[in-house]
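Chains here go by letter, A, B, C and D, matching the order in which they are written, and residues are numbered from 1 within each.
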């Protein structure tokens, strides 16, 4: 009954079992273990091409290191003004890039559009020394509003980036949920759409601490092992990470988990939308539901022990009347039970 | 039969079981979970006073963050010239301190002495603006030579540090092995001896990825949560770390592991020392054995499948004749079996 | 006939003569010279209280160092979204603060207001670890739009800052022009209005390379000498800077220069405003004039050899119709001749 | 009578006159002025090939920026253990390189040798991730001991560097004095001997604040304008720097100054060496004299008003008996008068 985030639950059973299975015997340290090698090979199959994979234990580590591989200290990384990298990482990207600037771009429903990106790029002309120099675009898929870029929207943005000569990072902390939401392949959502680097999140969707940074361009990955090491992100008993990822990818476990989480969110969204006085500002396209709740409803379901996060956003629909309502975020996960959703909806409905 | 390092083995059984046990149900993220709280309380008992604890997944992360809490960017951290922080972390301390200098001090058997520290301090006079300013002392216990500072030696060094107005960090990647070797209490080896901050390593001694940074002075810990976050070292499902540490500390498991590892090393050292042509440059005081081996011995035991690291050092005894021998490091762990030691020694003896 | 900036002209005669006068004989290096000491004392009189002064050769150096003294690497500095520190220094503040974030706040005519500042502060709650922590406010006086904050406006902003527990920096690259425009004392515009640190610019207004960072709170200045040195901003023959500042301050030379520049700008503004088709979006309160010019006027005066910068801004009046006009910035200085203004205006008038 | 350093005197007459001459009229800012362009062209002639020149106001700025152009943050810069970059810049190289390591190499008379460099390089194997990666060699010419590398010595070191795939920086804070001492051409001492980047100092030898960073390989200079700007080292009224350098180079003024300073040092050295009880540990090859002085001599000449720096060094000849003597450094300059030398020697001689 905890919808606070998808990181409040532990690991799924297959992932736990892989940690156990990987525990016996000696393995080379610092990512040279057999489990990590197997994970990289499996990712190659998932993405339909070789990828250069680096495992770390945190999403902030993955994002900050990935961005650092794309920009010099005097570079600019463009992103949504409410993205995780700009708002929720206590300056990690600035630290790992040695001082590059994140340029926030406004946009509805957590998404930026090509016009917004072009306008932002225009403020940082190439070769004008007083201006930081455009270096990268970072898009979040799933976005901070729980929405998804369509493949065409991604391509439109990466097209602008390519024309500007900058690299593209995809923050996939909820990569699997995005894939399940779009119903496309991992390749289609990334390199085939112009993405260079991916933060491939697994922690939220069934692992306990495992994120992969994936490069499709090996040259861009050149310096990464040094960056990861001096960032303190090279886990010595690397099998811990490798084993999680193997189990996560094996037998489509990751997509099963994501489809379940998304289905739970869809049910929750549908149910909440039917509650009088409730408004959902954004479509529910993955595993997050955002809703304006009448105060009475909010208090009733909280009183019943349901936990979720109060929210705020700069990218709400212009015509939304917030009134005297609570704004809340509900996150479902691989571990969410249909009965939890039903109980929450029953409480909300009976209150309104 | 892998003596390469104590990080080539997985986790001990109690630690694994705690990971499993901690997996069920919802827990607050980012270190606010109940397991981490319990671990901090247990450390308070171990150290006989309240400690401020921060968990991270890597030793380099722990060290770099701890040092960053002690020094401004224009500060100097004094350490042995072959210490892990100066030699083996790819510049992580420089990154996390935003550019402070590590000042390497020579010393036999991996240890620095008060005269060496004083001489180094004298090169960086307070208030002389062109010089970086003394900020911290970092000592490794167990040292890079597998040796231990006695309590008196620690106190002598921290006395010099205190007189110079600088803080003291203890890199305890092998903290438990040191404690087992000295046969003293954790309090005696740290705050009672003048240590301010400890990297309390657990990974090498039975955990799979868990290190604690411990502060005895809460003021020094003030900024740590921000430093850890922007370093990407705040693990979201913090129970993973907390659970490991609880199991590690419970029922003296950590000290049992360490005593076992040390005993294995003692047996190995004694056996190797008896092999004709073998010289041990340093006493074996914890779980590492360093030895000069006749080439034939080296080849024979390697050929038999034993793995260990070739070594090098700037702090060898002056009168040691290295001759045409291989220099090697053997590390034992909680998982080392007596039969492995015996097999290795049998091979070595039969060859010489 | 060059209105491109106030840094396209050299130094005024008294400043040059002081450089010559200071050249003879030996002087202690690195800012310990007698000229710098005299300059600091004179500033104490100007500001009606002791100030801690540090001289550097560039405005970017002064600003970046001043901001670094106010914020930890995980801090946030609030400023206008088009301020010099955020837009025109190629990331120097990020470099010198080791990665702090500049938070741009929108506002008309180059100015932020208390509501805007409060709203921005609210996005970075104290103690919420994922958010960078509010550390400083930086206001530009003269602003990037050539306008001035009134004393009341400054006090309103510093009041919000004080309530939020953050420090206040004033970027006074055109400090004297601001003072001349407001007609108040240096004390009134700074510490009496709640300002903690000032970048006191002298280069643009008659010096050739001299900026002072001034602290009213000595504690805040504690680390500055180290920051300046490691930033490479401690000029060895410090008399060069000290002598300029002495001559600049002596006999009210600085205010004479500024009043002249401001008067030239006022004449230019009045004249341009009278040209048909010309619109001035902002009041001319110091030594910068911004104007929308009919294309024909723009081409004619450029053709006549007048030089000035094309401009752009995010903070234009909402009801301004830009039409097919050129947007331009004209900067006057201590060296601008009335005849230059007259010639420009004659050309503009005859064209329209 | 001030031999404390060559930065205690002001600028020479031709340099001052150039500052005056350059002052009139408008000039483009930020280094795009005509004087800087002319200086770059003149340097091209001096070095017998095109050079990419960047002017800054301080030697620390020049060195730190030059090193930053050569190394990634996880790189190692090798230098003498008492070089200015490692000892006297308060961590500026670490700041500008975003955390690279300076590796100090011992060596007599302020010089490192190929064996010492090779041994240091061997400690940082390429591709070993835990080790910082060799990136650059920085040699000082004149050294901190006032000595000079011969051309053959430079070539031997740059040969080792080239074989190791690292770049070579020459810290020429006293470049002209070195050239005068060696009696070779600027080309021979730099690019013809394998040097890639030069800190070409002019401040100490007749300018008031002017240092040039020179690149022989344009690719290496690619990012420099951004580095300089974000370092706050792009002087806005760039004519100040350009004019100094033009006058400095014109008519061989720089070499005249340097030859004079060196001759003064030679006279001083010869005279001191003849004083009973005085020992000069190193040959006087440029404009610095180092001497062990009997206490009585030291007190007598200090008492007579002569000023010079007490000294210390790790690189003294092994067989030197320091006894109860003062160790002192005397620096001569373009402004040193023969009568000052004579007076000092007379005092010293009469005392002993």
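Note that in this section a residue touches a chain if its C-beta (ideal position, glycine included) is under 8 Å from a C-beta of that chain, and two chains touch if they have at least 3 such contacts.
Every value quoted in this text rests on a predicted model; they were computed, and no experiment measured them.
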item: Touch-network distance, subunit B to subunit D, counted in steps; value: 1
item: Selected pair, greater C-beta contact count between A-C and C-D; value: C-D
item: Inter-chain centre distance, subunit C versus subunit D - centres from mean C-alpha coordinates, in Å; value: 35
item: Distance between the centres, which are taken as Cα means, of subunit D and subunit A, whole angstrom; value: 51
item: Centre-of-Cα separation between subunit C and subunit A, whole angstrom; value: 41
item: Per-residue multi-chain contacts in subunit D, two or more chains; value: 73-74, 89-91, 94-95, 98-99, 129-130, 226, 229-230, 234
item: Residues of subunit B defined as touching subunit A within the complex; value: 1-2, 4-5, 7-11, 16, 19-20, 22-29, 56-65, 89-92, 94-96, 203-204, 208-209, 226, 229-237, 239-240, 307
item: Footprint of subunit C on subunit A - complex, ascending; value: 73-74, 87-91, 94-95, 98-102, 123, 129-132
item: Residues of subunit C defined as touching subunit B within the complex; value: 30, 72-74, 98-99, 129-130, 133, 223, 225-227, 229-230, 234
